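What follows is a group of structures, each given as C-alpha cells.
Shared chain: chain A. Partners: chain B in the first complex, chain C in the second.
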Partner chain A sequence: MSTSLEWGLLAPEFLLAGWAAFIILIDLFWGGLGKERLGWLAAIGAAAAGGLSLIWVGDTKEFGTLADINDYTTLFRVLFCGIGATICILSARYVKDRLLHPGEFYALILLAVIGANGMAAAHELLTAYISLELLSFSLYTLTAYAKFDLRSNEAGLKYMLLGAFSSAIFLYGIGLIYGTTGSTQFAVIGDVLSGDTSDIEWGMYMGLALIIGGLGFKVAAVPFHMYTPDAYEGAPIPITALISALAKAAGFAFFLKLFAVAFLPLIDDWRYFIAGLAVATMALGNLVAIQQRNMKRLLAYSSIGQVGYLLVGIAALSQDTASALVLHLIGYAVTNLAAFTCIILYYNWTGKEEIEDYKGLAQRAPYVALCLTIALFSLAGMPLFAGFTTKFILFQAAADEDMLWLAGVAAFFSFVSLYYYLIVIREMYVGEAEEKTRFPTPWLEYTALTVLIAGVFLIGLYPRPVLELAEDATATIFVSEELESGEDLVGVP
Partner chain B sequence: MDSVDLEHFLVIGAILFGIGLYMSLAKRNFVGVLIGIELMFNGVNLTFISFSRFVESAEPLNGHIFVIFVITVAAAEAAVALALAVLLYRLRDTINVDQIDLLKW
Partner chain C sequence: MEFVLLALIVIPLAVCPLFMVIPSQYPQLSRYLAALAGGALFGLSLLLFVAYEFDGGSGLRYELQWAWLENIGFLGENGITFYLALDGIGAPMVLLNGVVIFAAVFVSWNLANRTKDFFVLLFLLVAGVYGVFISQDLFFFFFWYEVAVLPMFLLIAVWGTSSEFKTFARTKEYGAMKLTLMLVGGSVLIWVAIMALFIEAGAGTYDMTVLREAALDEDFQKVVYPLFMVGFGVLAGMWPLHTWSPDGHVAAPTGVSMLHAGVLMKLGAFGILRVGMTLLPEGAEFWAPVLMAIGVTGAVYGSISALAQTDLKYMVGYSSVSHMGFVLMGLASMNQIGVNGAVLQMFAHGAMTALMFTSVGALYDQAHIRDMTQFGGIAKPMPRHTAFFTIAGLSSLGLPGLAGFVAEFHIFVGVFEAGYWWAGVLGVISAAITATYILRMLAKAYFGPLNEKWAGLKEMRLGEQFAAVLLIAMILLMGLWPAPFIDRISATVEMIPGIAG
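Up next, the complex of A and B:
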C-alpha cells in the first residue's frame, strides 16, 4: 500500500469543495450580490474545475489505491463539471423568483458534481460508495429544496427513502463480493473472478445480483424505477435536469467501469439478466410515457426509456460497446439539458408545466419551440441529430456482440418514443396560444441553449472527434483489465 | 460445542438484514421505515466485520474501514431523513407514507 499520496490529482474536487464553501460564505456576508449573480459565480467555479481537470489529458495516474486519474476520469470530469455549470446558469432566474437560500442551493449542486467525479474516478468500492452517497444526499436535499411546496417535499421523501433502501441493498452486495473475493479493488476482484470460482459461487452470485439491484435503483432501471417520475415531477425544474443528466451519467460511468473491470469474467452469467432489465426498462419507460400529461413526468419516463438503451450497451459489453455507450451518454446529457433548458425557460415565463400549456409556444417564442423540437427529435432518435447517431453506433456495436435481437427491440421502442414526443411538438406548433404576446428574451439562457443545440448537431453530424475521445477513455479501463491478466503493455507504470 | 465461526455471524447478519428489509417494506410510518433501513445497514456492517475477521485477504482492514464509513453515512442519512420528516409533519400533520400521495402515475 503506497503511503505518499499525490493530493494534487484531486485538485478539481478540492476547487469545487472550496468554491461551494465560498458561495455559502458570499451568500451569508454579502447579500447585496443578488441571487442571480451567485448562480453565475457558482457556474464559473464549476467551469474552472472542468478546465483544471484538463491538465491530466493523456495521463495514467493513480491516487493511492483509491482512484485513478486517466482519460476516462478526465472525460467524465469535464462532462460533469459542464453539466454542473450549465445547471447553475439555468437555475439563476428560477432561484431568484422561487427559492429561498440560494447559497446552499448552488453549493449543493457543486457537491453533487464532486460526488459524480468521484464515481467516475474510483477504482475501489468504498470510494465509489462514498461518492455515490455524496451525490445522492445532495440530490435528496435539492429535490426537497422548495421548502413550502408540498410536491417538492413529497418528492424528496420518496427519493430519499428509496435511495437509502437501495444503497443498503447495494452495500450488502458489496459485502458479499468483499467476502468472496477478499478485496474491494475492482482489478483484484476481476482477477479473482477470472480464476477458479467454484467454491465461492453462491456468495458471488448473490453479491452480483444485489449490486445490480442497487445500481439499478440508482440509474432508475425497471423494476427499480418507481421513485423516478415522482422525484422528477416534484423537484424544482433545474434539479430535475440535474438528476436526469448528472445522476444518470455518473451512475453509468460507475456501472460501466465496475462491470468492465471487476465483473467482466462473469459476463456470460449476467449479460442476459441485464438484457432482460434493458427490455423491461425500454418497454415500460416508453409505453407509460405515452399517457403522461405533465412535461416533467413525460421526460422522466422518457429518461427511463433512455436508461434501457444504455443498459443494452452494458449487456453487450466489450470495448466497442463501451465507447459507444460513453458517446450515447454524452449525447443524451447534452440533448436532455437542451430540452430541460426550454422547459425551464417556459416555466420561468408562465409557471406552467403541463403538456397542454405548451399550446402555441411557436407563436410566442419561436426559437424556444424550435430548440425544444430539435431536442425532442434527438431524444427520439431522428437522423441529423445526436440521438440518431449515438443510438445507431450503440445498437450496431451491440449487434456485433451477438445481441442483434436486443438492438432490434431497442430500435423498435425508440420508434414508439417518437409518438409521445410528437404530441408535445403538435401542441407547440398546431395549438393556438391564448395570448399572442411574445415572451421577453433572456440572452444568457438563449446563449446556453444555442451552445447545447450546437452540441446536438455536432454529435449528430460529425461524431468522429467525440467518439475518438470516448474510445481513448474506455481504452484506459480495458487496459487495466488486460494488465491484471498478465499481458504486457507499453507505457503503463 | 463447536466454536463459533463465520457462518454464524453471516446468518445473524442476514437475519438482521431480512428483518430490516421486511420492516422497511411493511411499516407505514416514515420513522419506522427509516429504522428498518438502519437495521439493514447494521446487518451489512456485521457481514463486513465478520468477513474481515475470518477471510484471508491482502487487505484485512478494508472491512473495518468500510464499516466505519457506513456508520458515518447512516448517521448522515438519518439527519437528512429526519429533517425531511419534520418538514413534512409541519406542512401536513402526518408522516404516514400512505397518506403522502400527491404524486402518482
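Up next, the complex of A and C:
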C-alpha cells in the first residue's frame, strides 16, 4: 500500500518543514540577516505553504489511509498557515529585543503549523495523535523559550508535564477505542459504532471519556484547564497568541472531525457530557476572568470561556452547527490575534502587561486602543464585529438541535464576559497616562493589525463568504452520514 | 424614498470614519461636520414623517430588502435579509430621533475634551437607534439594538460627571457600568427569545413580516413573551429594573442624556410593541395585567422618587421612569387608543425630557451644582432658560396644549376602557404627583426672591437656545395639532393582531 502514497499531497507540510530547516541554517550561517528579517522570512514560508495548499480546493483526495486532503483540510491549512505567518511577523520585534536563538524559535512555529495541519487532515487516530504531539512539543519548547525568565521556565514545565499526562490519557483512550472497534480509522469506527455495540459498551465508553479528557486538555476545557493561565502568563507574548489561536483552532478542527465522523452515532450518549463541560468551561472561564489583574491571564481565562462557546457547537453537533462552529472558530482566531497584536505592541513599547498599565493608552496610541477596543467588543459578542454574528449563528444552530437551554447559558456568559472587557476599555479610555508622549509607529505591525481588524469587520458585517467556505468544508466530514440515512438530507440545500 | 430610509443608517455610520480622520487639533471642524450630519438626519427624518402615508396592509412603506444570508445551514429562503421599511409607529420615532440628535449636537457644541471621539460614538448610537426603528428583520433589529447600547459605556465613562452626595458617591464609571450591564443583561433575554421564536416558527427566516403570520402555539407565546417584555423592559426603564436609568442619566453628559432618555429608552417600549406584542399577541394578552401592574407601579414609584429628589438631574431621571411607566400602561391596555397613547407618549416624553436635560445641563455648566434647594429666583438672570424649562415641565405634568397632555389623555382613556380602573386611578394620581414636583422645583429654584449668589448667571448659549426651540416646536406641534401623529400611529396600530378596536 505504501507504494501508492501520493506524497505530493503533503507538499505544504514538506515546504514548511524544509523552510524550518532553511531558517535554522540561515540563522546559523548568516547571522547578519538580523532577528527581525528572519521572522519575516519565516512568515513568507508559512504564507507560501498556505498558498500552496490552495491547489486542492474542491478536491477530495486521500493520503493512503492516514489523511484526507479536501476542502476541510484546505480551509484549516490556510487558516493555520495564516496564523503562523501572522505570529512570525508579530514576533519579529519581540524576538529581536528579548530572545536568543531566533532560528529555532521561528522553526518551531513552523513545525507547530505542520502539527496543526496534520490534526485537521488526519482521518485516523494515530496520525492525529502524532500531529497533536508535534504541535504540543513545539509549543512546550516555545513556552519555555525565554530561558532566563523564571515564569517562562515554570510555564513551560507545567505545560509539558500536564500535557504529557493528558497525552497519555488520550493515548489510552485511543487504545481502548482500537481494542473495542478494531480500527483507528474514523470512518470504520463510525461504522462499528452505528451497529450493535452491546458487547463493547464498557471499553468503548471508557475510551470515549478518555479521549474527551485528553482533547479537553488540549483545547483547555474545564476541568482540564489548570495549566492555561500559567502557560499564557509565562510564555513569550507571541507564543501566548500562538497557543490561544493555533492550538485551539487545531484542537477543534480535530475534535470536530473526530466526533462528526467517528462518534456521531453515539451522540445521545456524549452530548450532555460535552454540554456539561461547555457549561463548566463558560462559567469558570468567564467568572474567574473578572478577578484577573494581568492582561495575559485575563485573555487566558477569556479564551477558556471562548472554548466553552465552541463546545456548545460540539454538544449540538450536526452539519449546521459544524459550519457555524468553523465560522466562529475563524472569527475567534482573527479577533484574538487582533487583540494579541495590540498587547504585543504595548509590551514592545513598555514591557508592561498588567491591566492597570493600560491606563491612558487612548492618548498615547489611539489607533491601538481603538483596535483593542474593537477586538474586545468582538470577543464580548457586540455587533458590527465578528463576535456578534458568529455567536448569533452558532448559538442559533445549537438551539436548532434541541439545545436552546445551552444556547441560553452561552448567551448569558457572553454577557458576563462584557464586564471584564469593559474594565480594560475603561483603563484605556478613562484612565490618565502618566506620560503623554505618543508611541512610535511600527508600520508592519500596524498593517497586520489593520488587516486583522478588517477581517473582524468583514466577518461581522458580511459573513457569507466565510460561512460558505465553512459549509463546503464541513460537508466533506458529514458525507458518509448523509449517504447512510437519507432523512438527514432534509434541511440541507 | 427607500434610499432616504437607508441614508438614516448610512449617514451616521459614514461620518464616524470622517470624524476619525479629522486631526484632533481642529475640534471646530468636527462640530461643523456633526451639525451638518445632524441637520441632514433631521431633514430626512422630517421628510419621511411628512411623506409617510398609510396604504393598507401592515402599513410598511419604502421597503428595501437585500439578501444577507440565505439558503445556508438552518436559514431558508430570505433567512436573514437587510430589510428596511417604515410604518406609522416608526415614522414619529424616526422624527423624534432626528430632532434629538440635531439638538444634541448643538447642546454638545462646547465639549472640548476629545471632541471628535465624542461625536463618533454619538453618531454610532444614532445609527443604532435608527436601525431599530426601521428594521423589519429580527436579526438586524437585534443587531442595531446592540449597536445602540455599544457606545454608551464610553460616552458616559469618558465624558460624564461623577456625583458626590453627603453619604455616598456615584461615580461616572459606576453609572456607565451599571447602565451597560443592565441593558446587555436584558438583551440576553431578548436573544434567547429570538432563538426560541425562530425555531418555533420554523420558517427558516427572521423576517418579521413572515414571523407575524406564523400561527405560534399559545403556550409557547405565553412562555416566551415575558422574555421580550422583561428584556426590552429593562431599556424602557421598567420598574423594578429601572435603576440604571437615573444613575446613568445623571452621570452622562447632557447631549448623551438627551439621546438616552429621549430616544434610547423608547427602543425598549418600541421593542415590546414591535416584537413582543406584534409577533406574540396571545402571550401579550396573557401578560397584559402584569405589564399594567408593573407600568403603574413604575409610574407611581417614579413620581414619588422624583418628589424626593433635590438634585435636578435625578429628578428628571426619575420623572423619566414615571413617564415610561405611562408608556407601559398604554401598551398593556391592549386597545387602540391606549397603544396610540403609548406611542404618542414615547414621542412626547422624548421631546420634553430632552428639553429638560438641555436646560439642566445649561444650568449645571455654569453653576456646577444641581441641587435645587441652593438656587432661588434664577428666572431673573436666565429668563429664556426658565421659559424653556417651564414649558418642558408643564408638558411633563400634562398641561393641555402641550404634547404630554395629548399622550397621557389617550393612555388614561385606553386604560379605563380596558377595565383597569385601579391602574387608571393610580396613573392619574401619579400625574398629580408629577405636577407637585415640577411646580415645587420651579418655585424653589426659578421663582421667588433671587439668591444673590446666582445673580451672575448668564443666559443659555445660542446653540442651546436653538436646540430648545427645536424641541419646543415638536412639543407644541403635537400638543396643538396631534392629528398627523395620530393618523399615522393609529392606522398601523390597528393592524397589530390582538389590539382591541
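Criterion: the second predicted complex is superposed on the first by the 476 of 493 C-alpha atoms of A that agree within 3 Å, B and C clash if a C-alpha of one lies under 4 Å from a C-alpha of the other, contacts with A are read in each partner's own complex, and residues count from 1 in each chain.
Quick note on the criterion: contacts are C-beta pairs under 8 Å (C-beta built on N, C-alpha and C of every residue); 3 or more make two chains touch, one makes a residue touch a chain.
In this text the structure is predicted, and so the values were computed from the model without any measurement.
J.: Of the two partner chains, chain B (first) and chain C (second), which one does A:Pro465 touch, if any: first, second, both, or neither?
T.: In the superposed model, A:Pro465 contacts neither chain B nor chain C.
J.: For A:Ala397 in the superposed arrangement: first (chain B), second (chain C), both or neither?
T.: second
J.: Output check: A:Gly34 vs chain B and chain C. Expected answer is one of first, second, both, neither. What do you get?
T.: In the superposition, A:Gly34 contacts neither chain B nor chain C.
J.: Please indicate which partner A:Asn153 is in contact with in the superposed arrangement: first for chain B, second for chain C, both, or neither.
T.: Only chain B is touched by A:Asn153; chain C is not.
J.: Output check: A:Leu176 vs chain B and chain C. Expected answer is one of first, second, both, neither. What do you get?
T.: Only chain B is touched by A:Leu176; chain C is not.
J.: Applying the touch criterion given at the start, work out whether A:Pro223 contacts chain B, chain C, both or neither, answering first, second, both or neither.
T.: It touches nothing on chain B or chain C.
J.: Taking the contacts chain A makes with chain B in one complex and with chain C in the other, which residues are shared?
T.: none
J.: Show me the residue ranges of chain C that touch chain A in the complex, using the header's touch definition.
T.: Listed in rising order, the residues are 68-69, 71-74, 139, 142-144, 146-147, 150, 153-154, 157-158, 173, 176-177, 180-181, 184-185, 187-188, 191-192, 195-196, 198-199.
J.: Quick check on the complex: what are the chain A residues that touch chain B?
T.: Its residues touching chain B are 1, 126, 129-130, 133, 137, 140-141, 144, 147-148, 150-151, 153-158, 160-161, 164-165, 167-169, 171-172, 174-176, 178-179, 182-185, 188, 229-230, 233-234.
J.: What residues of chain B sit close enough to touch chain A in their complex?
T.: 10, 17, 20, 24, 30, 33-34, 37, 40-41, 43-44, 47-48, 51-52, 55-59, 62-63, 65-66, 69-70, 73, 76-77, 80-81, 84-85, 87-88, 91-92, 97, 100-105
J.: Which stretch or stretches of chain A touch chain C in the complex?
T.: These residues of chain A touch chain C: 319-320, 323-324, 377, 382-384, 388, 392-393, 395-397, 399-400, 404, 407-408, 411-412, 414-415, 418-419, 422, 425-426, 429-430, 462-464, 467-468, 471, 491, 493.
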